[in-house]
Amino acid sequence: MWALELRQVYKSFGGLLALAGVDLKVPLGERRALVGPNGAGKSTLFRVAGGESWPDRGEVLLFGRRVTGLPPHRLAQMGLARTFQVASLFPEKDVWEHVVLASLAFHPLSRRPLPRRLGTLEDQALEVLERVGLSQRARTRVAALSYGEQRLVELAMALAQKPRLLLLDEPLAGLAEEERERVKGILQALPREITVLLIEHDLDFAYGFADRVTVLHQGQVLREGLPEEVRRDPQVIEVYVGKDQEADVAFPSPSSPHTGPALLEVRGLRAGYGQGEVLRGVDLEVRPGEAVGILGRNGMGKTTLLSALMGFLPAQGEILLEGKIVPPGTLGRAQAGLALVPQGRQPIPGLSVEEELLLALRPGRWTLETIYELFPRLKERRHAPSTVLSGGEQQMLAIARALLRNPKLLLLDEPTEGLSPLLVKTIQEVLRELSRQGESLLLAEQNATFALGLVQRVYIMEKGQIVECTEAAYLRREPKRLRMWMG
Amino acid sequence: MRYTRRRFLKQSLAVGVGLAMGVRGQREALRIGVVLPYSGVYAQLGQDITDGMLLYLDEVKNQAGGRPVQLVREDETADPSVALRKVTKLVEQDRVDLLTGLVSTASAYAVRDYVHNSRNVLIVSNAGGNALTRERKSPYIFRTSFTSWQVSFPLGRWMAERLTKRVAVVAADYAFGRESVAAFKESFLAAGGQVVQETYTPLGSTDFSAALTRLLQARPGAVFAFLAGSDAAIFLRQYAQFGLKDSIRLATTGFTVEEDVIRAVGQAAEGAYSSLHWAVRLALPENQRFVQAFRKRFGRTPSVYAMQGYDTARVIVEAVNALQGDLSSKDKLVEALEGVRFRGPRGLFEFDTKTHQVIQNIYVRQVQNIGNELANAVVADLGRVRDPG
Amino acid sequence: MSRWFPWLLAVLALAPLLGGAYALRLGTEVVAWSLAATALAFLYRTTGLVSLGHSAFFGGGAYAVALLVRNIGASAYPFAVLSAVLLGFAFSLLLGFLGLRSHGIFFLMLTLACSQIMYILVKQGFSGITGGDDGLPGIPRPPGLEEPWAYYLAGLALLLGVLLLYRAFLASPLGQVMDALRQNERRTEVLGYDVRRLKLLASGLSGALAALGGAYLVGYRGFVHPHDLSWTTSGLLLVMAVVGGMRPLSAGVVGATLLIALEAFLSSYTDLWNLFLGLFLMTAAWTTLRSRRATHVGA
Amino acid sequence: MEFYLFVLLNGLAYAALLFLLAAGLSLVYGVGRVLHLAHGGFFMLGGYMGYSLYQWAGNFWLALALAPLLALAVGLITERLVRIVYGPDRALEQVLFTFGLAFVISDLTRFFWGAQVLGVPPPPVLNRPMGLGPVVYPAYPLFLILVGTVVALGLWALMRFTRFGLEVRAAAGHPKMAEALGVPTTQVLRRTYLLGVALAALGGVLAAPRLALAPGLDFTMLILGLIVVVIGGLGSVTGALYGALLVGLADSLGRTFLPQFALAVIFLLMALVLVFRPEGLLGGRR
């Protein structure tokens, strides 16, 4: 009997097909890891398995019973518990109340309208908090916790539900080193009766923890098997890290060593969501005409860094563009010459392709014509609403409209996310062309090979800090060194 | 607006005078509690009635039975429960000697029980619901305005005899409207008339084209309409726009084509017949004097509501004069009020001792262009009308 | 703030007893409106839903009691009040069911629509039964509570009881769950709570409490009028709850006292009292924003 | 047969007025997530200003042109006030603030123009019934339908083909990304607010000859405006247009066949739409 079974599940949002016929069977008591690059459909699969969104086609079975279309609380009653990638908690409640709420769900007391000391439940809650190491924070309001501590509350709530099937959505992301070790310990110590389905980008832990591993790519199961086999499978590596390009392709030798005053200088940048501190003092710089890469595994703060640069979230620290302090808001920075190609492409609902381009257009080198030459596909699709474009087309649109800003510095956040290898190739050629024409680029990317074929200098990011700054050429020569960081 | 500030000053002056008199050991001021709508949809009626009262009080130098008169004003608002609360405040906190006012019938019904049980004298200066004179009358409640029956009943017979036997009815769907239509039909059908179509429109409608379209279909000899305030203005204007003004004669009660509505719609009201207990051009000496005095004092033509305020003040002053200002006994005050009889702007004014409702003449008027000014000219006097009670 | 607050309430509550009939009447009206405003605040506190249609239950409860008592007689008061509360519960449950999928401004407009349909039906639909827009006068006082001060004290006790029950409910497990529901509906459902059933329960209780307020209102006033069902009554109830802060236990009571006192005081001194009421609402919104920004907690 | 033509024309004339009122209401919500409950006040203000201009100039067309500009001046002041409540998840404060502002405008209007019922006669050329084939129908409502269509097309073109329209739709669609592409969203919100105020005032002036100007008109129109935008879907001009047409026709049908319950018909329509489409006809598409 399977704990969780997905049969030919399809799910699409607007133009994007997130799940394209997924089959998944997780036997009782098994620990299954679900891995794959960003945008592969992992979170969508979790939402479908958890009953939060219903599949367009296909069936979901929980402990052998058909549950497609049932509301989430019915699934929870059958023993399913889950944590969320972005902590989803009750801002006005204390930590211990969260855990009590979790264990109260199926307790007869939950329907009691008169006050009652929940003695036993409270003790159990404190015990669970002890396990996750939050006992001293039990009486504090959850809004005052750090980002990592909030993720621990998520885990504590899931454990308190005494689940038979546990869905863990990146439990280690955003945790401090010491917290990561504690969570790893807890997960390892979970009783074997609990079936676990885990999404985690820390592949070392994922492969170590799981009995079997399923690799998801572009909404389909690419490979499934024992961790060791899957890890060495060349197909998986290529999807993750990019094909090991031999040194055959002549890399564009940088035209001239980039000297002179820095275009962009960042000193001691700290930022995060709410109390949680994701960026812990980042220093970097980009010289005019240079293409710089920021590499690092997922969840290390690459997107937070670019969002902070663009002013999407409050941040402390100094950001200088051409020696001048950038204005605080997003609008000011956009006018000062920063342009962002955001993660997930973010098309603007209600506008057509050409309208988005016209909206962004600022006088300068790039004009509508030159953009259409660079992206002929966009010219064909220019009257289509931007939200119904395919993933690749939306990516081109995001780059095109950023270029039409004629920015001083182009920020790109994981432009290859969820794209087919062929599309990744075309995007790389386009970006190389831009770099050759002297555009300054700051590229945050998980696909190291893609980035290395493009940038001159590389920063490696690990848990919200820059840990390494080297020449891209050096990393190209030393794939071992690269893998050490990228895992 | 000028009036508010001036009236406010005027008001405080009256209080000042009243207090001053009080201080010098003279008789204590006669305090009259006035509950009228000073905000919301009926604010204009409240103001007209108050101006009418102030005009008469000026004429008697603010004296009644040797005592200075003091008006204590409260806002009735559109909510009957607020009206009841204000009446309680006036009686228990401001210790007024008697009450007057009330524009909306619902508010009158709301305060009726309290006023009756606490034996306070109330002189209603507008609310026209029939019940206040019939099943829910009270010895302590008088009315100087009208009952919906009084205004509409005589018109029915007159229309059947003089205009047409085939009539279509359009009325606002609220108690006042329905009572007026019932009274109209009572006499109209009795005189051999036939009602070919009845349409009730919600109070506060902003568009009558549908009702007018149905009228075009029914092809009546004439239309009897009962609407008030902004509904009347919209209806008349659309009645003209639909070309009905020239093809089908319109008859209403006076409220639908009062001077303020004529000012708002102008030509659209021309030719409309209406029945009411007063008209601006009523050729009575008392009326001419009243209209001139009001125009001089307030710079605008008085409305029927202003006339009702004027008469109400006179009723109070004459009753208090009859008692030489001694209001200690409620029953004596009721008797004095029953005895009030005078020739006012509307003609002979007297109370029906059984129902404490005014007995008055009802006139048929028509909006005519006299000396390039549109106004209601009297075309017939339907004689003394007494509410059956 | 909370230490001396109960004492202030006690003084305020007993003041009308010394103030004579008008103050008593004002106080009784404050109690009735407080009950209904607390009901509206309760719905927000437990589900996050904001209603612009609570006049349907407030006025509906008043009409139910009025019709029953007028026809059966004053002795039927207990039965009338009980059935009013049950009707309030049932109608609000139905409205809650209809609005299960809607949120924010759309739920607000759904409640407005339902209450206005009821308003028009009472005003014009069944004027034979409901007295149309003249209202229903002549409603006797409940036996034993004819004296204004007795009626006011009974109301005060009722209000106090309701607030204590509300406080106990908030401290109860079920109350905690519903408070969580307001803060994060999705998370509450994923934890295993049937969110739909909780929202229906909250709607029902809120409707019942508002109907109770209506029943208490009509008991002393002696008449009921379609204005009690109009959208302006719903608007006033909502403004009372919001001015009271929506979330705290005393939101309804504070809001009702402030608004009724303001309206009673202002309208005796100026015709433009709505202008000052409007300015008061604007400043109230501005200060709540400023205080919220000061204590804004991330997350 | 022409009876149904009348019902249709009455409905369309009413829809034209509702559209002018609702367009601004919907756009301001779309761009700034602000529910402007004082919008009915500007409709009434436009009517009263039209009345005074007509009294002063004696010419309806002049009044029609100038009133929206006058209302715009008032709009500049109130926009500065409403700016306090701009921003996300402030629904309660917005309701309180704009509801208060509506009271202030309503009383100030009564203070300056008094409480009488005021009217503006339709311009002479339109003040007579028109022959429509075999049938006679008043000219003014036809003029209203014409103006309504012209304004609807104008707004559609403004949204589709101008820079301003593009920025409005971008700010409504994805405010954060729009700002990253250089769209000054607060500026856009200000201009949308003023456009909404001018449209509402224009609606008020056009309505004056058809309806009567009296205290209470603002809140009556506010309720109708909210119904239109909620039925049509908040946030876009097309939403306001669909809503206005639906409510206008439903109202006309209601008045013809169920005269007493015309308003109830509209509320029933809105309740049904909200039960089956909780985000209005056009759904959440802002």
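Going in written order, the chains are labelled A, B, C and D, and every chain counts its residues from 1.
The working rule: a contact is a pair of C-beta atoms (placed from the backbone, for glycine too) under 8 Å apart; a residue touches a chain by one contact, two chains touch by 3 or more.
Bear in mind the structure is a predicted one, so any value in this text is a computation, not a measurement.
A count of contacting C-beta pairs for B-D and for B-C identifies B-D as the more extensively joined pair. Seen from the C-alpha centroid of chain A, the farthest chain centroid is that of B. Per-chain Cα centroids separate chain B from chain C by 37 Å.
Centre-to-centre separation between chain A and chain B, using Cα means, comes to 75 Å.
Averaged C-alpha coordinates give centres for chain C and chain D that are 32 Å from one another. Within chain D, contacts with two or more other chains are made by residues 107, 110-111, 260-261, 263. Touching of two or more other chains is recorded for residues 4, 39, 43, 173, 202 of chain B. Pairs of chains in mutual contact: A-C, A-D, B-C, B-D, C-D. Every residue of chain A that touches chain C in the complex is listed here, in rising order: 50, 52, 71-73, 76-77, 82, 84, 88-93, 97, 100-102, 104-106, 109-116, 118, 141-144, 150, 157, 161, 273-275. Looking at the complex, you find that chain B touches chain C at residues 4, 38-39, 43, 74-75, 77-82, 84-85, 88-89, 92-93, 105-106, 109-110, 112-114, 129, 131, 136, 173-175, 178, 202-203. By the touch criterion given at the top, residues 166-167, 169-170, 172-174, 176-185, 236, 285-286 of chain D touch chain A in their complex.
Within the complex formed with chain D, the residues of chain C that make contact are 50, 98-99, 101-106, 109-110, 112-114, 116-117, 120-121, 124-125, 231-232, 235, 238-239, 242-243, 246, 272, 274-275, 277-282, 284-286, 288-289, 292.
Those residues of chain D whose C-beta lies close enough to touch chain C in the complex are 29, 35, 81, 84-85, 90-97, 99-104, 106-108, 110-111, 219, 223, 226-227, 230, 234, 260-261, 263-264, 267-268, 270-271, 274-275, 278-280.
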